[in-house]
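Below: one structure in structure tokens.
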Amino acid sequence: MAKSKFEYVRQFETDDTCLRNCYIVVRLDGRNFHKFSEKHNFAKPNDNRALGLMTRSAQSVMEELEDVVIAYGQSDEFSFVFKRTSTWFKRRASKLMTHVASQFSSSYVFYWKEYFAEQPLLYPPGFDGRVVLYPSNRNLRDYLSWRQADCHVNNLYNTSFWTLIQKGGLTTIQAEERLKGTLAADKNEILFSDFDINYNNEPMLLRKGTTLIWEKVRPNEAVTKMVKLPNAEEQKEITVTRSRKRVCPHHCDIIGDQFWEEHPDILERDDC
Amino acid sequence: MAKSKFEYVRQFETDDTCLRNCYIVVRLDGRNFHKFSEKHNFAKPNDNRALGLMTRSAQSVMEELEDVVIAYGQSDEFSFVFKRTSTWFKRRASKLMTHVASQFSSSYVFYWKEYFAEQPLLYPPGFDGRVVLYPSNRNLRDYLSWRQADCHVNNLYNTSFWTLIQKGGLTTIQAEERLKGTLAADKNEILFSDFDINYNNEPMLLRKGTTLIWEKVRPNEAVTKMVKLPNAEEQKEITVTRSRKRVCPHHCDIIGDQFWEEHPDILERDDC
Amino acid sequence: MAKSKFEYVRQFETDDTCLRNCYIVVRLDGRNFHKFSEKHNFAKPNDNRALGLMTRSAQSVMEELEDVVIAYGQSDEFSFVFKRTSTWFKRRASKLMTHVASQFSSSYVFYWKEYFAEQPLLYPPGFDGRVVLYPSNRNLRDYLSWRQADCHVNNLYNTSFWTLIQKGGLTTIQAEERLKGTLAADKNEILFSDFDINYNNEPMLLRKGTTLIWEKVRPNEAVTKMVKLPNAEEQKEITVTRSRKRVCPHHCDIIGDQFWEEHPDILERDDC
Amino acid sequence: MAKSKFEYVRQFETDDTCLRNCYIVVRLDGRNFHKFSEKHNFAKPNDNRALGLMTRSAQSVMEELEDVVIAYGQSDEFSFVFKRTSTWFKRRASKLMTHVASQFSSSYVFYWKEYFAEQPLLYPPGFDGRVVLYPSNRNLRDYLSWRQADCHVNNLYNTSFWTLIQKGGLTTIQAEERLKGTLAADKNEILFSDFDINYNNEPMLLRKGTTLIWEKVRPNEAVTKMVKLPNAEEQKEITVTRSRKRVCPHHCDIIGDQFWEEHPDILERDDC
């Protein structure tokens, strides 16, 4: 067969193994989601259905890839953090990021109806991704803090912007003009003085984004498993008791220490 | 805002620009499609619905990414070839492969019903991907020849294997045993002598896989476009005549020269 | 021994294999050669001893690494081109560039005395390097043309600058001022009108730099070799006739086609 | 000038920035040093002149590159560790490794005479290099432990091997045979019982290799410096007092904790 003659082309593949002992972060971003959200009538400034679907898709990724120890999402982006010692796909960057992008995207379409019952999906959406490595717990936490700080900045802006339009009757151009050069304190003041909105009472989901982690579900559950016995052709049904884990969402601050002190198992030690 | 304090983490991102003047190939492979095909009752050895859906999803990718000049698929894999001079996503490997993986996966779920009407999709499927660069037309053609030769080898085996089972009444173990060590000629002979099947009369789709290329659709079509005029806030509707291109499937040999002579525009010159 | 316990650290090494079927260019540049040339009293604008030593060191590299098919040098830089199909050091970029940098640097000190007899070497010089891949003959020739064009631009400037100082009696600041904004034609005119120098009669070495290629030395020479015979412990002396190759310098134009037509064996075909 | 037309070739250069917050290790190995040591009559099993020259060359590298916080050498290899936060050459791997390889090689030839007075250098030697990143102090220490353990294993073997030949009168083949399959304890026993050599009394230099670190030299020294004053064309001589640092060799164990506790400034904290 002519196979061997062409097989040399495999040598053109390159090795993109991620450096050991580093956290591997895969971040996905929606492609052209400005247009996508308009075509699908997303509520402004936030659409709870869309945020719910993002979270559901991220859960699907984590359930497929147990080495993801934490994921964080806001708006049309989601970051997945593989544990330092993960050997999934032999740590090959291309495999990790394409699998995450693929699983997330197929889940987004698959679960669409559960969140957008009456609103049909008009075309298949796209997400692009990247891989970034972080060598220390500090670096990783700073990465997640960066994303959560970004969530806050954007949400405060968007809340102010759309309140000026929806409640204040401004045009988009006028609202842009009104907010130009304002600091966080100014926006808080506009919301409070003009619209009687205390931004700190806005939902945590919107101000803090969504953090997904694995949590143990108690009491331990009895699980029935098929196992292949040694020296046997047939499988046998056995019952094992194991502590079940589940992906759970949080909408809390992850910049400060409290979250990390309450969940000491997420990060591995630096001195390994 | 604390934004600036954390922003240093962006410096951990790496540049993965693909070498210029090389073809960029992104190949996707189904994850655990053995199990996926069983759960969804794929016909053996080939399921035309599944092959049709793969092709539909690949078309969706090409329509999103016009710099893909040719795509080739068989079984649960599809390869996409970006032209040498492409500057999509600034040639960043991670962006290219995740976008292809994402668009393909969301399309696979989106178009599922068109191909599997009565068979519900039970869970969101996954595909993983990789990027490979080829510096010359010869290398690229050899890559595609490698995949098509692989298609042939696998399909001849699978056709023989399932014929022995479905028409010959063998068990899977007996069929494996029967084919062990056989060459292509032997398998052709088994099919012909025992089952009166001339393998060369099997459908081209199965023996050659699916090649997607852009083809001009004539006559030129008048297209209505919204354009934003300079120095104007509103858009205006204008009518332009353009030669329309469409992604068209072929099920022919792409190892020999004929296909390439008939479509001289797919490849760019080597001496550039 | 504790060896095994630590050996895991080898897994942190990464694979940096150069893409196949591409020319591999290693370019070296002198580190702080402005200071080095002053400390060692290099003649201005060009020091023939220094250029000779650069070329001698580059020859030493080529004699060690036969897969270098052409090298080009000017001023304090030298580029080495490995043939497309080279498998030296398994095409590992780090090995190739460090070996070139090392061999060049040790040769530079080793041969110093042959070129700078009366001028002692005051401290060990440094060169840094990089690797660049070129997929086509056109790209590679354009790379070499880029370096030779750079040689021309710099040499015309330096010749004008130092002539204004050495023959025209200007200070460095005055000379800089005089040349600011001048084009090539202007500099040629200054040299010709004010100093009766026809730049085109300047030595080719200075205007074109140095190109090193392998050339056959005829007549074929009888070479005495020690060979280890199969099934024997001792070595035996045998005489073989082979066509000897030698690294030869040229100081000609390599931007146009003539040089490449006269030496058709340097480049491999693109369509492989 | 045609410069611009060719300049596009610069786009083929790739970015090889080392991941932030990781130690950057450059390891050099002698090329064909088996032959080199024979041609230059190195003493067996160890040549103190050769080891001294290696250390001198490594010092030269560290004095050029102050961000190297520790270097470790044995036999014909030397490893250089750049501090985590180093920004030398913008952390570009190619620049770092070629500069180290170049500086080491030119120094080796430059200082040859100081160590091999009567023995002329016959040809310029070569070293090749590589870059490896380590994210944590533990990983880095394990890397250095790996090299020192390697030093021990090799030196015990070589000491036993050459003692059997030089004092025991065995041929090389007999000595190889005698040591086949022996453990460390066996080799210690051979040396002690047959030759009255207590391996633990062998010089630390040979058993532990050479570790180079920066150490403060007291008392602080007054240094005369030329400085360029602001708003002035001339330079002025001023006298400053500074704590001087010097590269100092150690021949001690670096696997255990003692060395690191005595020199707490070499490593940076992990939790940054």
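Residue numbering begins at 1 within each chain, and the chains themselves are lettered A, B, C and D in the order written.
Heads up, the rule we're going with is that a contact is a pair of C-beta atoms (placed from the backbone, for glycine too) under 8 Å apart; a residue touches a chain by one contact, two chains touch by 3 or more.
Here's who's who by UniProt: A, B, C, D = tRNA(His) guanylyltransferase.
Source: prediction; values computed, not measured.
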Chains contacting each of subunit C and subunit D, listed by label: A, B
Comparison of A-D and B-D by number of C-beta pairs in contact, larger one: A-D
From subunit A, the most remote chain by mean C-alpha position: C
Distance from the mean Cα position of subunit D to that of subunit A, given in whole angstrom: 45
Mean-CA-position distance for subunit D and subunit B (Å): 51
Sequence positions of subunit A contacting 2 or more other chains: 12, 14, 19-21, 133-134, 139
Complex contact set, residues of subunit B against subunit D: 11-12, 14-15, 17, 19-21
Residue numbers on subunit A that touch subunit D, as the complex places them: 19-22, 133-139, 270-272
In the complex with subunit D, residue positions of subunit C that touch it: 1-3, 5-10, 12-14, 28, 31, 60, 64, 89, 93-95, 97-99, 101-111, 121, 123-134, 139, 142-143, 145-146, 149-150, 152-153, 184, 255
